[in-house]
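Working notes, beginning with the structure itself.
All chains are identified by letter, namely A, B, C and D, in their written order; residue positions are counted from 1 within each chain.
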Amino acid sequence: MSFLENLGMPGLFNYWVVIFLMMAGFYVVISRGNLVKKIVGLNIFQISVFLLYISMGKVDGGTAPILAEGITSYSNPLPHVLILTAIVVGVATTALGLALVVRINEAYGTIEDTEINDIEKKVEDAE
Amino acid sequence: MILDIIDIVLLVFLVITAVAIIRLNNLFAVVMLLGIFSLISAVLYVHLDAVDVAFTEAAVGAGISTVLMLGTLALTGSEEQKHPHWSPIPLAVVLLTGAALVYGTFDMPHYGDPNAPIHQHVANRYIEKSGEEVGPPNIVTSVLASYRGFDTLGEVAVVFTAGAGVLTLLGHGFVSRRKRHREEDEIQQEVRELDLDEADIERLEEEDI
Amino acid sequence: MRRKSIPRTVSKILAPFILLFALYVQFHGDYGPGGGFQAGVIFASAFILYALIYGMDNARKVLPPSARRILLGLGVLIYAGTGVVGMLMGGNFLNYSVLLHDPLHGQHLGINVIELGVGTTVFAAMVTIYFVFAGQDRQ
Amino acid sequence: MNSHLPILQVIIPLMAAPVCIILRRAEWVWGLTVLVTWAVFGMTTTVVIDVLNNGTIDYFIGDWPAPWGIAFRIDELSAYVLLIVSLIGAVVASYARASVIKEIPEDRHYLFYTNYLLCLTGLLGMTATGDAFNLFVFLEISSLSGYTLIALGSDKRALTASYRYLVLGTIGATFYVIGLGLMYMMTGTLNMADLAERLPDVVATRTILVSLAFLTVGLSLKVALFPLHLWLPNAYTYAPSVVTAFMAATATKVAVYVMIRIFYFVFGGTDVFAEQGVAEVIMGLAIAGMFIASIVAVFQSNLKKMLAYSSVAQIGYIMLGISLVSVSGLSAGLVHLFNHALIKCALFLALGCVFLRLGSVEIKDMAGIGKRMPLTMGAFVIGGLSLIGIPLTVGFVSKWQLMNAAFEANLWPVALLIPLSSLIAVVYIWRVIEVAYLQPIPASAPSVKEAPLSMLIPTWGVALAAVYFGIDTDLTLGVAIDAAQSLMGGGQ
């Protein structure tokens, strides 16, 4: 299947958008020095990965996976279950990360990576 | 399936929100936008038939996470520093990673394809048999609580770990901890003046007792 | 505080409904979307609302740290304990079918109990995390 | 009850953690932790013996058969790693009491043990599970508790180290989830054995190739493979001594285990690992890590940081063995995984004793310490000699195996690089020995007692094990070769 054929088909289009979103989050994490913003980036990164999973579980013409009379086609329930777990893991990580940010702010008086690095360098030179 | 208009609109909203988050420096705005990002994705989950996931994302991503972030900002300040110099390395890493992922999509089954391998194997048993094997009409509940109940136990353990972790890090009150920090600093200052080291102090303490 | 009379009244009226809705979500997860996790979060949000309006000191009286700690651990123990009971009754870990004579009833019971465990820990964790973030939480 | 041991060894520490948080009294909680960790070690040993005698154990959780439910699958490889993790977990827990009292505020002791048990649960669960997504859940349990444990360090840099580890660790875990998602997309299953069966049909697709790349990068972050090791040095340096000893000996090792599991078992039915250049890239990075990290270690003044860099280098040796794609290479990597866990545990435990008495692990404060704390430093020297790879120690066994494997693969330049990089280890270990034994005790130095027995016994236990397994290699090398053979054999 050639690239051009694919480009003409919307069958992969939403995956590409999801990849863009993932990379936007990833970019925030690795390019920003503010500790809160890094965690915001991680959240975007993770939510976008969840979207990838949920998109792959969608079945054309399917409905939500709740058994009911007269429905024959359901979307795949397994990605939903996995992502439920992953969302919880994500919020747990966020909570812990923010708790660390609060402590870092107390100890260093800043939440900017560059300033923290300067302070740590000073401490190291003093040792 | 051809993407319908709702999908496209929601995805476009997500992209706009993500770009705004990258560009904005006011952290309050960024956090609120993250809440919006999370809510829009919840709507998208509903549209993709993942109602349980949408419910959780709305409650957790848009609710709890936002509240926690606002709580953090109240303690730390809300303006992000402007970047003194821009480095091309993160952008290169991200472009490379993104390119790899896009490369990987070309052999993927198409979106919504009912013949994709993912719909042919394990999931079928859940759809066909969970009613008679487990009971609940909500297949997600059956899988979550019974077939993959161990994952959910792990998930509860993760929540427990986070609770215990936050308690460990912050569970002693900012005031008392700050006071202790200050006392430590003062003690260290005195120690420096006395030219003692910690082993000395310990010995002195032991003698005191 | 005195000027907050509208939020105070509204939250007073809302809180029972939030709790009721949480219970509905908790026990209705079999039939529609929902379950222990969502219920725990909603249940916690009622307490967070209470803490926002009436202040941390009052909220701490409603739910002291020791109670939160015990609930936090209890949920995990309920969940894993259900699995161990299944083991003692001859199945593998987390087999609910052996809990009662009829496997389907056993599954039903097992799922309800573990969802309760999930709800308990999630509720306690969310409230703990919020309380700890929001105030000078003396342990 | 015997048939339930595979699950009980994970569930018991998991259930003990909430009990700890409810009990709260530091002494009780410590007692419970010691009891539970040794019980877990006992159970693991029973399981290992069972696996060696009767072959792979499958345990279906909830009695749901394999690809539909989650199954534990314990083969020789996982048994081997379970044994290391539970042994280190029990030894370090026994050692912890005095060190924790010294380094962690008293009101948080019960939380320390809670997190310790959770971390142990996560690592054991990762090793025992046969389900790739369940592995992610346990990975996060061990990671989140690990971040908390590191942040308990008394230096404020522990907080930033923990935060950086959290960010990089979460990126790593998210990469793992992406890779797993792509794999799941193409096969429809999450069970590792089932994946291994189904992957050969779709392995030629670009999606699977990208999936392998993401799994590799994500796990490399967790393994701390050079140059993705940046979180490791500060995390090990500023974490409490007990935490460093535990994590250095187990956390990265379990991540290496997962990597082996993915490359040789899940992708075992294909030759994509060897053919697509993944092995070559890992080999290059492993060798670079062996040298660069060792050289950086020489210039460290903080001994914990020195050993942390040395860990990065030693991970290079393990990964070098894995990247050789042969039975002898893989078994050399596995043996070194076990041996390095013992060595680093002994060294960090000894440094914990030093810190207890001296309040510092800076090399400048340690002049003449060998005469003042002879037992502690004796254990340190044994560990150091093992790290270098002196004959009759475990380090020698694994490096010898690794050289043989490299020769066997006709990579003699690589084989020669192994002793060469060990020479750098001689330099940094010698620096410590020189200061500790040959320099006079400064007149101004405080009088220092030997560490208490409760810490010395575990330290010496591990140090002696590092000698014993250097002489009697039947258990470690034998099982490692068996495990490697069944992995490689199953793959062809």
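In this text, a contact is a pair of C-beta atoms (placed from the backbone, for glycine too) under 8 Å apart; a residue touches a chain by one contact, two chains touch by 3 or more.
Since the structure is predicted, the reported quantities are computational estimates derived from the model, not experimental observations.
Following the contact convention of this document, A, D is the list of chains adjacent to both chain B and chain C. Greatest centre-to-centre distance from chain B is found for D, with centres as Cα means. The chain pair with the larger count of C-beta pairs in contact, out of B-D and A-B, is A-B. Distance between chain centres (mean CA atoms), chain A to chain D: 28 Å. The distance from the centre of chain A to the centre of chain B, each centre being the mean of the chain's C-alpha atoms, comes to 7 Å. Annotation: 26 Å between the Cα-based centres of chain A and chain C. Counting only residues that touch two or more partner chains, chain A has 22, 26, 30, 39, 56, 64, 66, 78-79, 82, 84-85, 88-89, 92-93, 95-96, 98-103, 107. Shared contact sites, meaning residues of chain D that touch two or more other chains, fall at 14, 17-18, 21, 61-62, 107, 133, 137, 140, 144, 147-148, 151, 178, 184-185, 190.
Residue positions 51-52, 56, 60, 64, 68, 71-72, 101, 105-109, 116, 118-119, 122-123, 126, 137-138, 140, 144, 146, 148-155, 157-162, 164-167, 169-172, 174 of chain B are each in touch with at least two other chains.
Viewed as a network of touching protein chains, the structure reduces to a complete graph with every chain in contact with every other.
Here chain A touches chain B in the complex through residues 1, 3, 6, 9-28, 30-34, 36-37, 39-41, 43-44, 47, 50-51, 54-68, 73-85, 87-96, 98-103, 105-107, 111-112, 114-115, going by the rule given at the top. Considering their complex, residues 133, 136-137, 140, 144, 147-148, 151, 156-157, 159-160, 162-163, 166-167, 170-171, 174, 177-178, 181, 184-185, 190, 301, 362 of chain D touch chain A. Contact residues of chain B toward chain C in the complex are 51-52, 54-56, 59-60, 63-64, 67-68, 71-72, 132-138, 140-142, 144-146, 149-150, 152-153, 155-157, 159-160, 162-164, 166-167, 170-176. By the touch criterion given at the top, residues 100-101, 103-109, 116-123, 125-126, 146-151, 153-155, 157-158, 160-162, 164-165, 167-169, 171-172, 197-200, 202-203 of chain B touch chain D in their complex. Residue ranges on chain B touching chain A, taken from their complex, read 1-3, 7, 11, 14-15, 18-19, 21-22, 27, 30-31, 34, 37-38, 41, 44-45, 48-53, 56-57, 60-61, 64-65, 68-69, 71-73, 75-77, 80-81, 83-84, 87, 90-91, 93-95, 97-98, 101-102, 105-114, 116, 118-119, 122-123, 126-127, 130-131, 137-140, 143-144, 148, 151-152, 154-155, 158-159, 161-162, 165-166, 169-170, 174, 177-178, 181.
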